[in-house]
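Shared chain: subunit A. Partners: subunit B in the first complex, subunit C in the second.
Entry: the complex of A and B
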């Protein structure tokens, strides 16, 4: 009976459905080409094909030369790289323990911890910025609390490079925790129990069993965080120092206050160049996961 | 099966309707006003200008739209310029706080109404100091003042000249902060006051047309040197807030004792309790901190151009101009002679008869970029 039933099923129409599948992916692919790939190409062309004094246009790398020779622009790029690097390290230090706790704890508190860790996702960064000034700013809540127990004030990170670092780390905790948590789903309880049975300690477990399985997730989490932080705007703009500025506020200021689109686009292309490196990390790790 | 077909076709129709180009036209009798100014100005329009105007002109209503900032409304201006070329409806009538020069070629193409030729009954009342180009109509002014904490600084000993201010800042390190010159004009006008100081305190020296890179270099370098000299005595040894509001917040949190602030913003902050009652306001007496007039522009191709011109004329009436003083905390766009005598007397101490103004145009970019390169990097990133 069962065999005849199975035989009665229609054969899978593999050939016939192919164009439909391609059509279905065509819409997003075309959108990406139109709204993302084409603007990138056009930006690169606009910064290389510059107007000449006699009215024509010619191939020139002068806007890139200006960026490379201008200490102010270089300082802005350096502070962006510094902020991104420091944020990535802090995110890993903070989020990995949270993710490990959430994965291996069965207690009721874990649900609250998870809620707390995801909470920053729902706070717009402009609100976060002004709350930050209220809490960690000069004479803010922290200072008031310290003062009430007779302790000295903190040195406020507001308007220093550490301001955006603290804000950006807090803002990126949810995404990083979620990605690490999904990676930790690949670590089976059996593997851990087996390792424990042969006497592996906590750190041996982490090093030899857990980390090798989630290295991919760590890479993905860091690439995502880095991509967001590198081009961050609101937090560095409100909380950071006037100079050096991160690339986000720098580009915006060049474009809208100095009316200098060529240099603004050049800064954008350079920023894109750095971001694409991390984008490739992400693509590589996704591709690696696909091939068994 | 049928139900599924129905669902699919219904969904397709809905999707088609939503992505169909929406044909929108400006409503008859609704003047679309776009603002570049801050929220306190929009509140003033909502609470004062709109009800008064609508009561005086039955059948016309105002639609007040927050355009964000200058470039935000400039984009609407570009759209109107494109609409002018194609004869379409720009869906905008009046721009508040607008520089008609920002849309390249728009004035030559006649996008904006020429107020000199528009026949407004109150046009002759406009303060001659505010005269710019005829496509811009000044309706209010604002000045930058020094706002300070009277609990920490006795009003009797508050600095009243630039030299006293510099002495005070240096004697009280960490108690003064101004915001970045391109982010809200209070810091920008503090920087411009330093430029006046470094160039003999003569506002007439600078005009929109006399900008040359050489003159800018010669005029700005000593001013930036003065500001650099102040930097170590500023809050955190040379920090600069990123906007007018953030400066007010630091003063409100008692983190600093004195800030430059817009008169209208400081007055509404005190009224709303953002700044305490004990906040004092003072203007320098040797040469005031610069301020400026705020201009409106009317689109010549707007669907409600005639109503918008009625509104422009209405803004210059004594009723609104007095309200600018009493409700907004600004100063009038018309000459002081057209303000009632008792108001003139009441505000004589706070608002001097002339406010130095600094030209915009290329000076603006030269000051902004120069300040970021010459003054701002004074902050040690490692500190």
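Entry: the complex of A and C
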């Protein structure tokens, strides 16, 4: 990862320390403290420091015990982990070939493929959900086409665990391709040609030359996807089954429909726990590319 | 990816053709289906093409009060959030780019904090705070939650813009007696302007489509266009209403697409995501 190209910025201007700068940045920094840092701290405190029957509060892990002992909560966590894992695998299987093709091709078709791969970024997930239902839902376009050639209807993925998987993969293709493509920029043509000269085949090239050089980018892409998918709300809510549900819809329902903020926040803290490694790795990678 | 200047007879790019066909089927085709539904008066199973095309459902959709009120709500929200974000973020971005002050680096990176956590979990934690402040179901609750979502872009992109301004031109203007404000207005702003405009557009479009915060904090009192779209998908038997709304809803994204394509294709964009 070099920081010398377009992503890097000029070093800080050398001036004497002027506290007026603090004044100018105060508003957004306070907003971050109030609406990001404090809610996270408060969420942990609130779910561990529970009200007692006699009106006071005491240290207790009972809300976490409830989550761990409740079969429905556990099923929701399991389906979330399954969806996240399956999506991450599919994203790699789909996006790595696209990125490799884009990196090593200079045909005119490559520009079209790149345009298409980035296009989902400009389609809001709610429109995607609607399109999904119209195409793959019951009596959707795929059914119409199959029916017209005399084939049976498909078993629709709508309202099954595969619904969110298809939607989330579709939604995450652009950034995964862009991140992998940016990583492939670090693989020099000389390295490839040198390996070819000594007779390396395509797969040897991929395994020994390309993959070691882009392993960091693959991890960044996976981390970004996991952070987005683990607590995704809109696509699982619209396309997924009612039960078990993914953590996003589960938290929303617990908070708004069951009016149970303590358990909703407990679920949120549990999602933080499962994603913390990916989150820290992702933030570290972004920070490394950017000097203020 | 420029075409080679010497004409070499290249073999047919079968891999590229395969990718192009598959991606067209998977990415463009579903959206074309939605577009077709929006201009369809009658389309009954099992006909492959609609029985009757027409604008009937455009008139019906646009005659609905809930559609207009949510369009107004979405535009008001996105404008309010973008203006507020500009007011608090642009001076901060200028300070990060040009001034040195205690804690500059750590404060600059503090805006990443929100990205280290799964988003909806964070929203639920914020909603826990809003519950105590009675901000659930209010316009300003939604404004606040969406404002937080714009901070990173609205500070990091303008910082890069201010740092890219040619300092020698500013100094030359100062040398011939221009006041600092005059220099900022006549030299700095015009050069940083296009990038800052892109950040503003990004923040407007991002807020316009923000669904999760609006649904968790605002619904049902604050109903934005995406929130209305969710209820159309879940409860509306007339397919065309959703299709027409999808086309309407896509307009801001289309505008963003026209302006942002070049930015997105450049390597620095992916680097901003940690690539």
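Here, the second predicted complex is superposed on the first by the 246 of 292 C-alpha atoms of A that agree within 3 Å, B and C clash if a C-alpha of one lies under 4 Å from a C-alpha of the other, contacts with A are read in each partner's own complex, and residues count from 1 in each chain.
Convention: a residue touches a chain if its C-beta (ideal position, glycine included) is under 8 Å from a C-beta of that chain, and two chains touch if they have at least 3 such contacts.
Please read all numbers here as calculations on a predicted model, not as lab measurements.
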Of the partners subunit B and subunit C, which touch A:258 in the superposed model: first, second, both, neither?
first
In the overlay, answer first, second, both or neither for which of subunit B and subunit C A:237 touches.
both
Now for A:277: first (subunit B), second (subunit C), both, or neither, which partner does it touch?
neither
Hey, is it subunit B or subunit C that touches more of subunit A?
C
Can A:58 be said to touch subunit B (first), subunit C (second), both, or neither?
neither
Determine, under the contact definition given at the top, whether A:132 touches first (subunit B), second (subunit C), both, or neither.
second
Where does A:194 make contact in the superposed view: on subunit B (first), on subunit C (second), on both, or on neither?
neither
Quick check on the superposed pair: does A:211 touch subunit B, subunit C, both, or neither? Answer first, second, both or neither.
neither
Based on the superposed arrangement, let me know which partner A:141 touches: subunit B (first), subunit C (second), both, or neither?
second
Can you list the residues of subunit A that meet both subunit B and subunit C?
130, 133-134, 139, 237-238, 256
Where on subunit B is subunit A touching in the complex?
71, 180, 182, 235-236, 239-243, 246, 249-250, 253-255, 365, 368-369, 372-373, 376-377, 379, 381, 383
Okay, in this complex, where on subunit C does subunit A touch?
1-4, 10, 13, 15-17, 19-20, 23-24, 26-31, 33-34, 37, 45-48, 88-89, 91-92, 94-96, 98-105, 107-122, 124-129, 131, 144-145, 147-148, 151, 155-156, 159-160, 163, 209, 211-212, 215-216, 219, 226, 229-230, 233-234, 239, 242-243, 246, 249-250, 253-254, 256-257, 260-261, 264-275
Of all residues in subunit A, those that touch subunit B in their complex:
72, 75, 79, 130, 133-134, 137-140, 156, 158-161, 237-238, 240-245, 253, 256-259
Note which residues of subunit A are touching subunit C in the complex, please.
5-7, 9-10, 12-22, 24-25, 27-29, 31-32, 35-40, 42-43, 46, 97-98, 101, 105-114, 116-135, 139, 141, 143-145, 147-148, 170, 175, 178-183, 185, 217, 220-221, 223-224, 227-228, 230-234, 237-238, 247-248, 251-252, 255-256, 261, 264-265, 267-269, 271-272, 275-276, 279-280, 282-283, 285-290, 292
